[in-house]
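Shared between the two complexes below is subunit A, which pairs with subunit B and subunit C, respectively.
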Partner chain A sequence: MIRSPNRIFAISRKEFLHIIHDPRSLLIIFVMPIAQLVMFGYALNMEIQNIDLAVIDYSKTEYSRRLVQEFEGNNFFRPYYYEGKYSEIEQLFLKREARVILIIEKDFDKNYQLTGSVAVQILIDAADPNAGTMMKYYCNFVINNFNERYGGKVLLPFNVQPRIWYNPDLKSSYFFVPGLVALILVMISALLTSITITREKEMGTMEQILVSPVKPREIIIGKVLPYILMAFLDGFLILLIGVVLFNVPFEGSYLLLIFLSTLYITTALSLGLMISTIVSTQQVAMMVALASTLLPTVMLSGFIFPIKSMPVILQYISYVVPAKYYLIIIRGIMLKGNTLAQLATQMLFLLLMTAILLRNALVRFKTNLEK
Partner chain B sequence: MNSSQLAVKTTDLTRRFKKFIAVDRVNIAVAHGEIFGFLGANGAGKTTMIRMLCGLLKPSAGQATVAGFDVYRQSEKIKQNIGYMSQKFSLYDDLTISENIEFYGGIYGLSKELLQKRKHDLLQQVGLSAFADKLTHDIPVGFKQRLALGCALLHDPPILFLDEPTSGVDPRARRAFWNLIYHTSELGKTIFVTTHFMDEAEYCHRLSIMRDGKVIALDSPGNLKKQYQKESMQEVFVEIVAGGQGLMISGHY
Partner chain C sequence: MQQIISMLIKEFKQIFRTREMVAVIFGVPLAQMVILGYTITNEVKNVSLFIADRDNSRLSREFIRAFGQTDRFNIIAYETDRKKIEQGIQSWDAQMAIVVPRNFNCDIQRGQKPEIQIIVDGVDGNTAGVAVGYAQGILSQVALNFYNNRSIPFSFRTNRIVQMEERMFYNLNLDNAQYMIPGIVVVLVTIISMMLSAINLVREKEIGTLEQLLVTPLSRYQLLFGKLLPFLLLTFLELFLVMTCAKFIFSIHVHGSYLLMAALAAIFLFTTLGLGIFVSTITGTQQQAMFVSWFMMVFMLIMSGFFIPIENMPDILQKITYLNPMRYFLYIIRDIIQKGASLPYLLSDVIPMTVYGLVIFILSIMNFHKRLA
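Right, the complex of A and B next:
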């Protein structure tokens, strides 16, 4: 009997052949991330522009016209004068003719010059709450500009001069490209790993491998190695496109990102392994993996929605979503140039999760084989 | 004979699944070079028996040695010395014939040169040399079955376990397969086979008939027929298992 240490290699090679022979899996691995990147990068724009603004001007004076001009002076709003009845203004929202209504009172001009303090009414269509918040923020911004320009009489106690760091133009792509890396890495690592192992169980080939001298850990290492490689390749591809096409900055250390990405991939692989020890068919594996990776990563990790503004219970759940930590890591390294010391907490959380998942998965993997 | 001279020996080997006893105190001794058959209805305990001997399942009680190695303590040694083929054939349909052979050679740690040589021999023996780069999915079941057997023999093990190797295969391919088993046996290998086909039972050197986890008869097909004064193994089986009253449908139990 000739022995060689290449049993792991034999398993990895076979796994690669599966991927190469199946164009669909190649499509999932390489085309899907790029499609998502382009979709998120170009189509999904969080900024709102050209908001229809209906103006009801009861004052009709120089000052009120200046206020409307102030709203015109940027591409957030598209103001127009509304000539209809006040009692029917809701029709503007219902017919989608305006999303913001500005009502300027009759004595606007007089009161503004006398006291420097007037109220204008602003109505906002918040059927989309995020957009509503944005529109409110834009309105405040415009009105502040107006006050600064014309309200010279009033001395503000202090003056806010915000400067926006790390993403001065507030580009969505800075936010999405790192997020997409987090999503793709967890999907490939957890989803594909759990499917590939349950497939062998389903087809009975796992049994054939287990009667050979291959050890369980050799099976696991051999099977996950190709997917680690794929995950890295994919992550690199997304970052490359992000940096080249969307000009996402890369401030921090490449080595640190590679190191912490490896940790994150290991966490996801352990999760996939864990899933494969619980379920016995590919279909269930896919469903469980999607439910435990794709959805939490998109919804609960801070990928799109800020964790701090979630209901408390969801905030607690977010603690067990690995992407939550990895997002802080990758955004921190890319946009802020974070160092390892600044990311120690996130690293420790990922380490802890990996240790728990991997230990349980390995124990379950071994005992399941003996049933 | 002591256990090292036997290919397989079990003493009161037992396996329980919760309260269900799948294999109940089985004692068998199989000599080197023997074709040893396990006959029984579905659920009689044949597969559980084979799985314990292959190291896929831990026994609940009793002793067993395979190739002289203990199933509890030396399962790694056992794995080097056995080949295993199940009714599922365990080939990867999406890989080519050649890739399947290379994979199974690879997990047994065969060197590249040896693997190439064995692959060449196997392809020739199975008659698939011209189709080495075809997907396994596209070849007929009979070929798949012989290929699977070849893969189980790549590392030249002295003992071969076959778990219902002929289910789902037409009679002609079954006969061809048994010719291959005889050929393998002539090379000095011990063959341990489970089946529920009565005609196949006749091909074995010795048979053990199982029911409810127990071995209820063990002898050569000739002796069993003599003992029960029957013409065929089918009648013997009906006599032993169902007390003569069982219904048999075309020899398939």
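Right, the complex of A and C next:
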């Protein structure tokens, strides 16, 4: 297939110089994933703490105070007494002065002591349904504690013991370091290549190259080589930072990861080539590439949101997202020490996808040229 | 005036010249809204589960039935062999295993407190944590019901009890779309106004047509105005389109005032268009412009509270979010749509957003002029 390595290298050299001449883009390509890594590693936390809790205590007796103390005695809530009118309590939510409101009725103490059963009202700002559910659980937890402390024992006759494998502290960085590698590889390989080739088309320089003795195949190989190199370098950088800074383990084989990463990069490059044969301006290439690489890779691959929680149709669509397979590969190798045999399905899917994309891209590229 | 109108006509022709671009401006955002609306959820469903019931008592069978009924879990196999469970979790077949030990029920009757194990794949820490929470909830609920109907081995009834009556405000059905779609609208508005305007301005520079425009009788303000107005109009059109679709697809109901929303969106657009101009002045090619605006987008997205709640972030990061104009607009849009908030309640966000918008816009325009001169 490769007839003249010299010509390929000449094109690669040109493309490489082109990249180097643009230090700003280069900086962004390398700095952005690291910034993302740090932000995701530290910012992503679904556990809510220090929730503002407004207390309206009409009872003001011993047990109602103890109940408020119970809410105070953990990191979940920051209770304070609200002295305003009852009719204006919704303003607490609108002004974001509280996310939970606890209302203790006048006869709280009396009913608690006499009948042994009393209800408190809890109003929750559930605009964010996930936070709303969690705040409800927290309230439940606090009130259960209160019942245990003052109302007698509430105990299960057995223990439940969670054993968390591969990531005992449930660190989000374990999840995001491999994920970002998958994201960056596809961004560089698919996005950058599609833009580069479209740029030559838009500027009219593609025709200049074509009248030179270089073959279309050689043009493509020459053009993508520097990007493959860059993708590897960037991926390596993220892994290094993840392992050094965030102590993400690496259980499996480096060789296997490099091998399967090469396959994944090839898939992404084929996708980039495919896009560049369809569109004619960089602007459109960027938007199409963003919509067909960034969005699915972030949303439909399991990068953040688990595929199994999605509607069925989107689960089917996720089968054509290359990152879905690569995420299993890289997380499996790094965190679980998976072997090639355990990842065979993923590898086959990537191979199949590459074959289809590459064939289509090459055929279209040729017909485009002949026009 | 005539000049500006001709310029506007030229701009619109240029934007809509290719069919692809129309698809990009209207089709892609809609597709994004649908996909994002369905995927961005912190709920966990269909966790694949191994059940290892070594006891096979009435209680343990109750457990299994409960796990089979909920859509949170999806039982894929009954497997008591520890080795096979380990392999299954390692090779991604199952995410969780629940192990009920031998003689579980007998041990309970003897008051020995046996132990149920929940083995979970922690690679996705967030999902794992939530799933363990669900599992613990199901186990204790089933056990409580089971013993409430039977002779109780020892007391877990209480003498006195406080119960909780909760009311969920603003989102009775805990529908995730009601929360996420307003956020997605903000993201789409930002993409269109910031990214496209930056790329469009740079394109003229890159191709060399900006100089041609400069030698026309148009003044520089007219030129910039003619460049930005189409994007302002496009963004509003987009906003209208997306909100209409949101209403039909996700039954999003706007509780507040449309007029207020549009007015505040216009203020926010000063910020994003300003950023678009800024990006165009510091970059030379479309590729660079895209990268820089993409970089800013990612920062703005993560730090806005769009899918990572700001309240949960470490203190330093929380302070950084105040630098993010999207943060303010996101709060505003969510409060208007979900809570029907009126202007007085939103001032704490509107004021910083307006100041931001003006400062960024004026600085960018000054910078743009300097670069051209």
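As a convention for this text, the second predicted complex is superposed on the first by the 251 of 371 C-alpha atoms of A that agree within 3 Å, B and C clash if a C-alpha of one lies under 4 Å from a C-alpha of the other, contacts with A are read in each partner's own complex, and residues count from 1 in each chain.
Everything below uses one rule, namely that contacts are C-beta pairs under 8 Å (C-beta built on N, C-alpha and C of every residue); 3 or more make two chains touch, one makes a residue touch a chain.
These numbers come from a predicted model, not from an experiment.
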Contacts of A:D22 with subunit B and subunit C, given as first, second, both or neither: both
More subunit A residues in contact [subunit B versus subunit C]: C
Partner chain in contact with A:F9 - subunit B first, subunit C second, else both or neither: first
Partner chain in contact with A:P216 - subunit B first, subunit C second, else both or neither: neither
Contacts of A:P249 with subunit B and subunit C, given as first, second, both or neither: neither
Shared subunit A contacts, counted only where both subunit B and subunit C touch the same residue: 22
Touching residues (chain side subunit B, partner subunit A) in the complex: 54-58, 76, 79-80, 82, 84-86, 88, 90-92, 94-95, 99, 102-111, 114, 135, 155-156, 161
Contacting residues of subunit A [partner subunit B, same complex]: 1-7, 9-11, 13-14, 17-18, 21-22, 203-205, 207-214, 369-371
In the complex, subunit A residues that touch subunit C: 22, 24-25, 28-29, 32, 35-36, 39-40, 42-51, 67, 90-91, 93-95, 112-113, 116-133, 136-137, 139-140, 143, 146-148, 150-172, 174-175, 195, 199, 279-284, 286-288, 290-291, 295-296, 299-300, 302, 304-306, 308-311, 314, 328, 331-332, 335-338, 342
Subunit C residues within the subunit A interface of the complex: 18, 20-21, 24, 28, 31-32, 35-36, 38-48, 74, 89-92, 104, 107-108, 111, 113-130, 132-133, 135-136, 139-140, 143-144, 147, 153-172, 174-176, 178-179, 199-200, 203, 282-283, 285-288, 290-292, 294-295, 298-299, 302-303, 307-309, 311-314, 317, 334-335, 338-339, 341, 345
